[in-house]
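Okay, so subunit A shows up in both of these, paired with subunit B first and subunit C after.
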Partner chain A sequence: MLTYKFMQIAFVVAILLGISIPLVGSSAVFKRLSSSGDALAHSSLAGVAIGLAAGLNPLLISIITCIVSFFIIELLRKKFNKYSEVGVAVVLSAAIGIAGILSSFTSASNFDSYLFGSILLISDTELYITIGLTVVIVLFSVIFYPQIFAMLYSVNESKVSGIKVNLLTFVQDLLLSITIAIGAKIVGSLVVSSLVVLPTAIALQMKKGYKFTMIASVLFSVGAMISGLVIAYYANLKPGATIVTVSVALLLLMIIYRGILTMINNHKLKQSEKIKSQE
Partner chain B sequence: MKKSSLLITLVTLLPLVGCGQSDNSNTIYTSFYPIYDLTKRIVGDKFEVKNLTPVGTEPHDYEPKASEVAGMSDSKALFLNGLGLEHWEDELPENLSKKTYVVTEDIETLSIDNVTDPHVWLSPKNAIKEMSNILSTLKELDVANYSYYEDNYNKAVTEFNALDAEFKTTIDGLSNKYLVVSHAAFGYLCNEYGLTQIYVRGLEPDDEPTSKELEAIIEQVNTYNITTIFYEELVSPEISKKIADETGVKTDTLNPMEGLEQEELDAGENYLTVMRDNLAKIKEACK
Partner chain C sequence: MIQFEHVSFSYPDTPVLNDVCFHLEEGQFVGILGPNGGGKSTFLRLALGLLKPSSGTITRTDKKISYIAQTTAISDTSFPATVEEVIALGLVDSKIKLNFRERKKKVKEIMEKANLTPFRKRLVNELSGGQLQRVKIAKALISEPSLLVLDEPDAGMDEQAHENLVHIVHELHEKKTSILFVSHHPHDLEDADAIYFIEQGQIMTYEAELERGHHHVNL
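Here is the complex of A and B:
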């Protein structure tokens, strides 16, 4: 399986993105903006279309549109308050619309290479970008772990205790946007938008603390990436779609496992109650 | 989504059909470049020939705009490749089917993975048959000018036969008979001159590959001593570049003529020049 360089690079990138995407993605999940990953991935496409149509660097423009989109989502989230996902839908529609209109002004081949990024087709430059991005995200997550944790626990208390909440949130949002823009180009928008949410969703099922959830989500996503690649290799399937399906399957298994666990606990509880009442 | 959006545009547009400002009654529409080129050769200046698929667009990705459907409705005729290439063909309004002509009729088709390969025009001999079909259609549409069309046809056939002969002698002299291409567009060309195409993608150019597919091509490239991986300008080169990177061979473009870029058109490129250019590249890669 690892005879060729393309598979070796695929595994390296799978591990790196498996670590970095859930680290930035979890913040979106905790903010109830799970689908923002999808919206941002589409915004990055709109950015690519703008870049290509205007003759500018498409990756750079897609990073910028991703960042702008995320701040629009944040703005709308505050504006619509209870209906926080409205912003996501608005940005998603706008992105698809703009990408659709502009794509007819650009050469389809360029556009396709962004739309159908594949983990098997990673260039050396893309590999270096992925390494750099992962280093930045891991450092940020480790160094600012206490602050992020405090912020998640209570925004107001963190403000009082001197944490620069706005700045920290800004950096988090920035990292998420950049990760999605770059990830969409490298492995395709499908994989990126699902990895933003699924690993955290699986880890949340374990109902443990924040630190545990973060570590578990990284392990789950790396696991899903690697097993997805391996399954796709032996079953001759498309790797991107397989990785996503494996992640969903993991989530289902986790939910079933939780269900069985609860049933057993309830049963034990009833039995002990029975024993008590007999006494 | 594509289907429904086209239908909606069609429905909203129907009342407008016939009120277009420009007079299209002397226009023949062609679906994409090779048919445009071949039609133009026969029609000369007797009809205006308009090409539907815009410059730089893959015909597989093209879908007519509402204004174009309106234009087609007013036109003299619509020439298509058929064989499943124009996936929008079935969605055209009824009144258009009467003036729609498929130029590939009576051409023996090949299949790839059980799907009919629509890229018939890449064999000069097929191109001649297409022109002969176009000629008989013109006899139906404008019998008054038939001898003019026939003269054009005979002139074109001479040129295309010369091209065919060049292909035959050049390729006969090549030591390597394998051609690695980005999508399986060159089946007719290879079949005609005894080449074998190894393709990265099937008939539809864009789709994520699987690891096994990539490995299989890499192994073939090594086995058959391939020197060049060909990709085409309208399709993303990433897969071809990856294979070239893995095997240490060159990449180059080979034009399946699904559409020409504006610079190529401005430079006066046409079926014959593009095919001669392709031949030169094949010769370089397979010597």
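Here is the complex of A and C:
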């Protein structure tokens, strides 16, 4: 499998995205913005449709559309205040509408490659962009780890202690938008939003601290990417869809494991209470 | 030091504070009382720089401010953070430059002081109200602030935890830390140098409010 160059590149890109997506995606999950990944993924699709219809670089237009969409979501979140999820729904609907209309003006195969991704057909430019993006995200996440953590814990307390909350949020939003646009090209628009949420959701099941959750979500993500690619290769399945299915399976296994663990602990507790009462 | 000069604040179509003048000197302990919806939280958010006044000026000279909020994201969510991690957050951007080992030592010391060592690996959202409050206080104090701001921090506290909090505030006041304490309970503010009452967007000294005969509480 690894004798093919396209598979080697696919594995490298899968590992890089496996690292970068949860690093920026987890903040969206903690800020209760999980569904924004969905809206952004659909916005990237709208961007691709605009690019293809206008004869411009689809990936570039997709990145720009994602960034603009995220800031529209933020704007609408503030506008609707208590109904903050409305912003996500509005952008999602608009993106589907635009992508649907403009897709009639583009070649179906080209559009499909963005819908389901093309991890096995990665150009050198896409590889370099992914490497660059991952380096930036890892550096940002490590250097600003305490500030990001403090901000997620409490925005107000962070502002008071002098953390530049608005600037950090802006950079985070920017990185998430770019990651989703690039991830959408590689694993597909329909798949990338799940990868924003699932690794963190799996890691959260372990009920550990922030640092542990972050490391675990990256490990789960990379693990799901690699095993998804291997399964897709041998079973001749779509890689993006297989990666997501593996992630969902991991989450289910983790939920079952937690359930069994809780049952055992409860049983032990009851037993010790029984022994105590007998004494 | 915090100084409000003729500060007014309104949300669109809703005036909240009107022409407020207020002064908190260095090392002073000032208490704030008042009914819910009277403008206390807005006053505090203005004092902390979280809101900008619609008119008037606010001057703040303190460089190290710690804030114990009424509620935090952690209390009602499943945000994953251990007691040890949350307390260490108090040192982020606190202007105290410490290396990794010094930070760890400082966190360890404050956990021991607050009787939180046995819970250090526990998630904060699994703690009781009183334990969570101790974590919040430890986080606020680890940075050795020059100004401590407390916004009704006794919610969910048992009697013992509440007494401990009042004792800690008393100790800090003796060490000349400035304190701005918003509370529901006048007896929390027994040591205060001055107490203000905020109601319907107006601020007045608590004595003046008592003279108006609205609140007969013995301090």
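By definition in this document, the second predicted complex is superposed on the first by the 265 of 279 C-alpha atoms of A that agree within 3 Å, B and C clash if a C-alpha of one lies under 4 Å from a C-alpha of the other, contacts with A are read in each partner's own complex, and residues count from 1 in each chain.
Rule of thumb we're sticking to: a contact is a pair of C-beta atoms (placed from the backbone, for glycine too) under 8 Å apart; a residue touches a chain by one contact, two chains touch by 3 or more.
Worth saying up front: this structure is predicted, and the values here are computed from it rather than measured.
When the two structures are aligned on the shared chain, A:A150 is found in touch with subunit C, with no touch to subunit B.
When the two structures are aligned on the shared chain, A:G188 is found in touch with subunit B, with no touch to subunit C. After overlaying the two complexes on the shared chain, residue contacts for A:V160 are found with subunit C alone; subunit B is out of touch. Look at A:P239: by the touch rule set out above, it reaches subunit B but stays clear of subunit C.
In the superposed pair of complexes, A:Y210 makes contact with subunit C only, with no contact to subunit B. In the superposed model, A:T169 lies in contact with neither subunit B nor subunit C.
Touch criterion met: A:F30 reaches subunit C, while subunit B stays clear of it. In the superposed model, A:S227 lies in contact with neither subunit B nor subunit C. Chain contact summary for the complex, subunit B toward subunit A: residues 54, 56-58, 61, 206-215, 218, 233-239, 241-242, 245-246. Per the touch definition, subunit A reaches subunit B in the complex via residues 1, 3-7, 10, 104, 107-110, 112-113, 115-116, 118, 120-121, 123, 188, 229, 232-233, 236-241.
Those residues of subunit A whose C-beta lies close enough to touch subunit C in the complex are 30, 146-147, 149-150, 152-163, 204, 207-213.
Across the complex, subunit C meets subunit A through its residues 45, 48-50, 65-67, 69, 72-74, 78-82, 84-86, 88-90, 92-95, 121, 123, 143, 149.
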